[in-house]
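Shared chain: chain A. Partners: chain B in the first complex, chain C in the second.
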Partner chain A sequence: MIQKKICLLGSFSVGKTSLISRYVNSLFSEKYLTTVGVKIDKKQLTHDGNELSLIIWDIAGEDDFTNIRTAYLRGMAGYIIVIDGTRQNSYDVALSIHEMVKQHVGELPMVFALNKADLKPHWQVDGQHIRPLEQFGYPVLETSAKLDNGVADIFLALIKQWGSNHD
Partner chain B sequence: MTKLLSAIYDSLNIVVFVREPNGCFTLHNPAPEWLVFFLGKSSYPQTCDLPELFPYLTCFMDDAEQHWHEHLATPLASGSWIETDELGNELALEATAVWVDDHAVLLLQNLGEKYRQEVSRLQQVRNGLLTQEKLENEVQKRTIKIKQREEEIAIKLVSVTSYRDEETGAHVRRIGLYAAAMAKALNWPTQQIDDIRIAAPMHDLGKIGIPDKILLKKGKLTNVEFSIMKRHTEIGAKMLQDANIPALDMAAEIALCHHEKWDGSGYPRELKGENIPITARITSIVDIYDALVHERVYKKAMCEKDAIALMSSMAGSHLDPELFAVFLELLPVMRRIRTEVHEIKDLIVSY
Partner chain C sequence: MTVGTPDVVQLRRLLFGKDYDELLALKEQFEQSDKYSASVANIISEALTLRGSQDNSLSDALAPTIENALTQSICNNPKRFADVLYPVMGPAIRKSINQALSEALETLNQVLENSLSLRSWKWRFDAWRSGQTYAKVALLNTLVYQVEQVFLIHRESGLLLQHVASPHAISKDPAMVSGMLTAIQDFIADSFAVNQTDTLRTLSLGELTVLLEHGPHAVLAMVVRGTVPADLPNLLMETAANIHRQYAPAFKAFNGNTEAFTATENLLADCLKSQQQHVQKRPPWLALLVLLSLVGAASYLLYQHYQQLAQQEAEAKQAQQQVLQTLNERLRELQTHTSELQNSVTTLSDQQRQQLRQQTQQAQQLTTAAQTISKLTQQIEASTYPFEAGKADVGLDDPMLLQLGKTIRELIQAAHQTGKTPQILIAGNADDSGTNDINQKLAELRAENLRDALVRGGVPAFAVVAYSAKQAGQPATLQKNERSTSYRVTLF
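Showing the complex of A and B:
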C-alpha cells in the first residue's frame, strides 16, 4: 500500500471540505460550515494495479485573518488548489497560494479545481483567468461537489502525475 | 499535588505525554474518555507513537523536536486539528510542546467549547467577508455600467460633429480604443485607461464651433481661415472643462493640446516635449494613424506600411518618439482595432 499526502488549499468558502466529503463519503451539504485548523481524511483506491492510500488534508481556507501554516505542507506528495468560479477573489488567492507553495516546497504535482460548476451562469472566472492557469502546465478541471461532477477526476489527475514524471 | 494536577488536567481537558529518548511518548496522567478510543486502552502509564495515532502531528514534530532540543520552556502550539471519535463526533485537538524539568513534554488538549467558539467567530467573520465580496462585485458591475453609459454619451456627443465633417462615428470610437491600448501598454491604472478611452474621441469636439464655410471648405484654408480653424482646440477645451468628471477633464486637456507638436511648432500654445500632456501626445499619434490608413472624401487610404513610414519621419518633430515606439510595438493590436471597428454598430470591442 502506497501512502500519499495530498493537501487541499484555497480561499475560504471555495468548497474544499465539500469536495473531500463528496470524494471520501459521497456526501454533500448546501450549508457553509467554515473549517478551522486541519481535518484529515483517508481514501483507499487501486490505480493501475497499485493500492493507494490517500491522506487528504483539508486545510482551513485563507482569508484576511488566516494564513496557511507552511508546516502543513511537509511530506506532501501533491496538492489541489480550489477556486470558487463565482468569486474572482478566490482566483487571486489561488495564484498567491500556488506561488507560496512553490517557494516553500518547490514544484510538485498539483491540480487547479474550478469548483461550483453548477453555478456556471454566475461565474466571474472566465477564459482570460483560466488560460494563465493552464500555462502553469498543470490540469485545470471544473468540478461541482454538489452534482458530483469532476470530483474524482481532480484526484485522478493528481495520481496520474505521480505515475509520470513527478513521482 | 498529583491529585490537584490531575484535577486541573481534567478540567482543562489536557493530557500530558513525555517524549522518551526512543521517540515514543509516555502518558503521564489517566487517559480521559475522549482519548481512550484513539489509544486503544485506558491504562496509564502507557507508551504510544503519537504521530502514528494522529497523522496531523507529523507536520508538527520537526518544530517540536527543535523546541525541545533548545530546552525552551515557552509553549509551542501545533495549531488545531479535527479528529472523529467512535461516535462520529468531531473533536478539535491541539498539541503543545514544552520543555519542563529536563523533560520533553507534549500536552494534548481537547479544545471543546473553546474551539466551537472560535469556529463560530470565524464563521461570522467569513460570512461577513462573503457579503462584503458580493457587495463589492455589485458596485463594480454598476460602475462598469455607468462607465459604459458615459462612453455612449461621449460617442453621441462626438457624433454631433460627425454630421458636419467627414469624420465617422467609427473613427472616433477607434481613437478611444487605440488610446486605451496605448495607456494599458504604459501600465496606467485601470481608471485612467477607461478615462482615456472616453476622452480621446472628444479631441475634435470644438469643431462644432467652427463655421461650415471653413470646416467644410474643399480647398486650402487662407491664413485667416486657418487661424479660425485652430480655435477648435480652445473651443473644445472650454466646452469640456470644469465638469469635475475625470474623463471630461482629461478630454478638455486632450482637446486643447492634441495639435501641439513635440518640437514646439504646434498650436495653440506651442508647447514642447513633455510639457504637452501625455494624453494629448497619445491621441495625436493614434489620430494621425487612423486618418492616414482610412479613406476620406478628399483622399485615398494610405497602406499601413506607407503610413508608418510617414509617421516615423514625424517622430521627434511632430510626435513623441518614445510614445511612437510604444505605438509601433502595439501595431498588431492597432491593426485589429482598425479592422474590427468599421461602423457605429461595431462599438463593442474588448481589448
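Showing the complex of A and C:
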C-alpha cells in the first residue's frame, strides 16, 4: 500500500476544509468553522490498480503567508492551493504561498483549485488572473465543494503527477 | 608462476633478493582461490570471534543469510530438522500447554474473585456508564500499566509505517493518529522556538501517556495506559535503534510504500507489555457485607410487611371475635332466657305432673281405700256371733270374734286414709222365745258384751256402738229373729 501526505493551503475561508469534507465524507455545510492549527484526514482509493492512501493535512488559512507553519509541509508528496473565486485577495495569497513552498520545500506536484464555482457571477478572479497561474505548468481547476463539482478531480490531478514525474 | 622474460626475472632477483620469491608466493596465494581459502580458513573463526566481541554488526550481517539458509534447508529436508528438533520440541510443547492451562485457571480464578468483590460492582457500574465492556473496564482497573498501541512513524512525512495494538485498545484510524502526533510535535517545536534538536518525548492525558522516541528516520510512539515503568523508555529506545539499524536502506528508499516495513510488526509487538496488579487474595468482606445488609433490609421490610398484615389480620380477628363475643353473649343471654323459660316450663309441668300424680295417687288411694272399706264393710256386716239360747256370754278367744276385731281395725285404718272415721253399730238380737222385755234386755246385753269383747281385743272403743235391735226406732233390717248380733257400718 502506498501512502502519500498532501497539504491543502490557501487563504482563510476559501473552502479548504469544505473540499476535504466533500471528498472524504461526501458532506458539505454552509456553516463556517475556521480551522485551528491543522486537521488530518485520510482517503483511500485505488489508482491504476494500486491501493493508495492519501493523508490529507488541512492547514489553517492565514493571510500572512509567512505564518503558515512550514513544519507542517515537511514530507508532503504534493499540495493543493485553494483560491476563493469571489475574493481577489485569496488569489494574491495563493501566489505568495506557492512561492514560499517552492523556496522552503522545493518543486513538488501541486494543483490550483478555484473554489466556489457555484458563485461564478460574483467572481473577482477572471481570465487575466488565471492565465499566469496556468503558466506555472500545474493544473488549474474550478471546483465547487457545495455542488460537488471538480472536487475529486483536483485530487486526481495531483495523483497523476506522481505517476508521471515522480516515483 | 613467474612473469616476464628470464632476463627481467633475473634482474628482479638481483634487486629484491629472497623477498621477491616470498612476494610471488603471496601473490599466488591471493590469485589462486583454493590457496586463498586455505589461508582465510586458518583465521576465520578467530576473526568472527574478534568482531563479535566488538559490536552486533556480525549478527545483523549474518542474520539474513542464516535465515535464508535455514529456510532453504528446512524446505529441502524437513524430516532432518524434525528429527533434530524432536528432543527440544516435546518438552517445549508440554511446557507451553502447561503454562496455557495454568494461565487459564488463573484467569478463571480472577474472574470468580472479581465477580464477587465490591470493586467489580463499581467496574460494572463504570462499564454501564461509559458504554464499555465489563471485561475491558476490569482489565484497565487491574492493570498497573499496559502498552496499548505502538506506532512506527516516518519522521519526515508523519506517514504511518507500522502499527500494533493490544486487544482491548480503542484506536481511531492509526494513519490519522500518526499524522496528528507528528503535527503536534511540529506545532510545539514551531511554537516555542526550542532548539532544533530538541524533540517532544512525552505527552500525557489523564491515564494515558504517549512516549516518543525520535530516530533519524522514524519516530516510535508508544501509548501507555497507567503508570509508566522506568524500563519502558529504554525498551522503546532499543527498539527504535534496532529498527533503524535493520531498516536503514528501507528508510532511504521510502516513497510512501509501507510494505518494506511489514516485518517490523514483531519488533513492535514485543513492546506491547503490560503488568497486572497483584491482587491480594482475601475474602470479599465488603461484598458480603453489602449483600448481607441488602438481605437484611429486604427481610426487615418483608418482616414489617407481614407484621402489618398480621396486625391487620389480628385486628380483623379481634373485631370478629368481638362481634362473635357479643353475639355469643346475646346468644347466651337468649339461652339463659330460654333455659329460664324452659326451667319455669319444666317446673311448671313438674308441679303439674306431681299434682296430677298426687291427685291420681290420691284418687287411686281413695279408690283402693273405698274398695277396701266396702270389702271390709261387707265382711263385717256379714259376720255373726251365735249366742246360746237365753244367754249373752261371749267367748273372748272365739276365732270369729278375733277375725271380726282384725277386720274392724283394718277398716278403721282404711277409713283413716280417706279422712273418715268408721262407726260400727252392733245390734243385739233375740229370738221370739221369751218375753219382749227379757228378749230386749238379752239383746242389749248380747251387743254390749260383744262390744266389750271387741274393745278388749284391741278395737278402739269409739268405733263400736252396742245397742238392742229390739229397741224402737231401729231399722228393721237389723231386727232378726235369731240369737245373734248384727253389724252396721257407718262412716263419718
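Rule of thumb we're sticking to: the second predicted complex is superposed on the first by the 163 of 167 C-alpha atoms of A that agree within 3 Å, B and C clash if a C-alpha of one lies under 4 Å from a C-alpha of the other, contacts with A are read in each partner's own complex, and residues count from 1 in each chain.
Definition applied: a contact is a pair of C-beta atoms (placed from the backbone, for glycine too) under 8 Å apart; a residue touches a chain by one contact, two chains touch by 3 or more.
Being a predicted model, the structure only gives us computed values, none of them experimental.
Contacts of A:Asp63 after superposition on the shared chain: chain B is touched, whereas chain C is not. When the shared chain is aligned, chain B and chain C each come close enough to touch A:Ala71. Look at A:Gln124: by the touch rule set out above, it reaches chain B but stays clear of chain C. Legend: residue contacts after superposition of the two complexes on their common chain; A:Lys4 is shown touching chain C, with no touch to chain B. When the two structures are aligned on the shared chain, A:Arg87 is found in touch with chain B, with no touch to chain C. Residue contacts after overlaying the shared chain place A:Ser53 against chain C, while chain B stays out of touching range. Common to the chain B and chain C contact sets on chain A are residues 37-38, 40, 55, 69, 71-72, 74-75. Interface residues of chain A, counted against chain C in their complex, comprise 1-5, 37-38, 40-42, 53, 55, 57, 69, 71-72, 74-77, 167. Touching chain B in their complex are the following residues of chain A: 12-13, 32-34, 36-40, 55, 61, 63-66, 69, 71-75, 87-89, 124. Taken together, the chain C residues at the contact with chain A in this complex read 154-160, 173, 175-176, 179-180, 183, 186-187, 189-190, 255-259. Taken in their complex, chain B has these residues touching chain A: 55-56, 58-60, 62-63, 79-82, 90, 92, 94, 115, 118-119, 122-123, 125-127, 129-130, 133, 137.
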